[in-house]
Amino acid sequence: MLRGPVGKMLSRLAIITSRIMGPDDANIVGNVHGGTILKMIEDAGCIIGTRHCNTQTGDRCVAALARVERTDFLYPMFIGEVAHVSAEITYTSKHSVEVQVNVLSENILTGAKKVTNKATLWYVPLSLRNVDKIIEVPPIEYTSTESEELGKKRYEAQKLERMETKERNGEVITPVSFPEPYTVGFSQSSLIHLIGPSDCTLHGFVHGGVTMKLMDEVAGIVAARHCKTNIVTASVDAINFHRKIKKGCVITISGRMTFTSNKSMEIEVFVDADSLLETDKGKYRAVTAFFTYISLDKENKPLPVPPLKVGI
Amino acid sequence: MLRGPVGKMLSRLAIITSRIMGPDDANIVGNVHGGTILKMIEDAGCIIGTRHCNTQTGDRCVAALARVERTDFLYPMFIGEVAHVSAEITYTSKHSVEVQVNVLSENILTGAKKVTNKATLWYVPLSLRNVDKIIEVPPIEYTSTESEELGKKRYEAQKLERMETKERNGEVITPVSFPEPYTVGFSQSSLIHLIGPSDCTLHGFVHGGVTMKLMDEVAGIVAARHCKTNIVTASVDAINFHRKIKKGCVITISGRMTFTSNKSMEIEVFVDADSLLETDKGKYRAVTAFFTYISLDKENKPLPVPPLKVGI
Amino acid sequence: MLRGPVGKMLSRLAIITSRIMGPDDANIVGNVHGGTILKMIEDAGCIIGTRHCNTQTGDRCVAALARVERTDFLYPMFIGEVAHVSAEITYTSKHSVEVQVNVLSENILTGAKKVTNKATLWYVPLSLRNVDKIIEVPPIEYTSTESEELGKKRYEAQKLERMETKERNGEVITPVSFPEPYTVGFSQSSLIHLIGPSDCTLHGFVHGGVTMKLMDEVAGIVAARHCKTNIVTASVDAINFHRKIKKGCVITISGRMTFTSNKSMEIEVFVDADSLLETDKGKYRAVTAFFTYISLDKENKPLPVPPLKVGI
């Protein structure tokens, strides 16, 4: 029989992952990358979503990430701190699961703890026999009818938004040739990544968290090129996963500055997938999102952002 | 305020880390490496040990691993399963902390769970101001005098054993042969590497880039052993890939100094592949190359290289 | 402004990958390892080569690296800089592809850019249906007959050199000493590892878990060499950490079979640490342990272990 924290965790349909932040998780100044945190969030979400959808008889399935709601990075996290990521299922529709994730940073030397992120993720269970088939989600029990109704509202709202962004995406970024400082073309960046086995689930599809980590990396390069300072992720707008990305694909992640205020920069990031082997399939847009970055001085205090110039 | 699993966990002075096992955590047949599990056990132990020893005023400290008691691997763990590692402090002496760690495997598709490991680790808190100073450990409260007495017995037993093995093993090593400084034998180095999934293409052959990276690593160690300074790669001669290397092979990368000028060192590097499972194939030479390294001072300016001596 | 290779990327058949250099890409002084750059060069070459060879109907294929021409490292690269790697196909023969790769370092804070490397790689397309079959390469269009003729000369020159080195090196290796099967010497193995930032705590000492993972890796190679089957860790005897290991050290992990029963193998593992830069400290034994392994068949059932032979 299981007692203590493990038993408690498993019985509550919740999960916690904890990990100490190392030099690879952070930039040269010691701030943990937003992308590292996004990946941990998705790891926890995928585990709890997959576990829940397999608590019934019938086809075995894997939870595929469909959407991440807008996420704020409330406090920076640093190397040496422990990140505790907890995930809980908060709503289920017939074909999707809502997971609420909280991230807590703990300084194990001083004992200081801070909630750094709260995120909401939507998963869709795909059958392992036939990955184009979405299976039915077992319902959860709600603590009150009110909490069920609020969940339903969130479900309807995200469904509508996903439809809308699906229609919008598909435009191609037009490359710009003579980049003047502080124009869009000046900081525009892109990165190519070949999807390898360790980026994927057992069934050959990319983990949503891997994609998000790369998106944050590109957004960070765009932000650093624009303002030439230490920059950190402040928030990420809703991210929609339109289409699956298979092992062996090459993905191009492109970022461009779309807006600056005195205090922050907004960067649009696209993920385009391209199967090297299946040339007939063509290139398709798989994921899109907006990242907000802030610029910091050496004491981690906000710096003003140079305004984005109109021009090419 | 923290509610739910995170809050509960932090209040109990216990910790759980959970992680899904990927292809890189396992061998080609899918069994998770014992080393992957040992690393997760120590990660959890280090977090809880460091946290506990900092719950008092005075010097900040870090928990350094001093000993791991005998550990059994009760059941194998497989790719796709979730490893839950829980850690709890079970005894404290004046200068050491005993941590008990349990590892549970969960198949999130079937829901099956198994306790795969139980481990006991001993940590010693080192001051961050002066890492040679061991600080005092705040005492824990025991549930009974019996549990405290049992802990004390375990403490005395491990202390005795540590003393004994220290005498046997803790001395400076006298190598079998004494290669003279600046001879070929003095800097000669080799490393073995087991080819895992993330080293390979989708089709199970090693990426050329992975081999080249390891070759440069060995060449760099040879160069650093020879001149004991900061060294950097200056050039690589043509590299020929004679034969393919398959997933699951063990490769031996060997480097030896072949020539020195006043300004540079030439190091020959061989890659020999060996299929552990297909004994009939034998060991074969797969890649060879010559690397040129230079020695740099603290301002990144070239330093003279000690000449290579003839001898053994 | 970006000129040269980066600008050309926007035209056809070229690729660029960009990545920010982190602490693990570099040595303790901050210089990016030559091996990191070589790996990025090959990643880009493999993507463009594989893509090109699949732009025709017929068998799908993967580009396997056959040769890298002599490569110079023109300028050092540092942590925090962005490496831009661009690749272009410059020649095709019936069965091989020449890829030209340029590496540019960009300091995103100052905007400074430098071409650090130029490399030429040769790939051969292997059929995915049958990896021993080389398929035909679709021809590229040349900008002039002169560029085609120069390409042909490079092709002939490298072909000749490959033949020559194949004769010299491509044979099966005859080891200097012939350890008899099932003796200690037959399975004895050791590996060297340079302690990097991600192996360490914030205070520059190796995590115990990192050492244990490497110890298990060596023990596993010894066990697999002895019995040529799927092997798994069954238990680990008490491990004592006698002395701290600092960042920048080279550790040698050595394993040797000490005992076999019908069902299991006992392997002794030593960790010796050596500070490359502080020569006065000498090499010292830091950790020792005994690992027990068992041999498994395809259904994960125990197999008998061949007895250890006395001899060399």
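As written, the chains take the letters A, B and C, and residue 1 is the first residue of each chain.
Here is the rule we go by: contacts are C-beta pairs under 8 Å (C-beta built on N, C-alpha and C of every residue); 3 or more make two chains touch, one makes a residue touch a chain.
The shown structure was predicted, so the numbers you read here are calculated from the model rather than taken from an experiment.
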Subunit A-subunit B contact: same residues or different, taking over half shared as same?
-> same
Max contacts between which two chains?
-> B-C
For the pair subunit B and subunit C, the C-alpha centroid-to-centroid distance in angstrom is 17
So how far apart, in whole Å, are subunit A and subunit C when each is placed at the average of its C-alpha atoms?
-> 30
Whole-Å distance, C-alpha centre of subunit A to that of subunit B, is 30
Residue numbers of subunit B (touch at least two other chains) = 43, 46, 62, 128, 202
Can you name the residues of subunit B that touch subunit C in the complex?
-> 27, 29, 31, 33-36, 38-43, 46, 62, 64-73, 76, 121, 128, 131, 158, 161-162, 165-166, 169-173, 175, 189-194, 201-203, 205, 207-210, 212-218, 220-221, 224-225, 228-230, 232-244, 250, 272, 276-277, 279, 282-285, 288, 291, 296, 298, 300
Residue set of subunit A touching subunit C in the complex reads 22-24, 28, 79-80, 175, 177-179, 189-194, 217, 220-221, 224-225, 228-229, 250, 276-279
Subunit B touches which residues of subunit A in the complex?
-> 2, 4-6, 8-10, 12, 14-20, 43-44, 46-47, 50-51, 54-55, 60-61, 82, 84, 86, 88, 102, 104, 106, 108-111, 113, 115, 128, 196-198, 202, 247-248
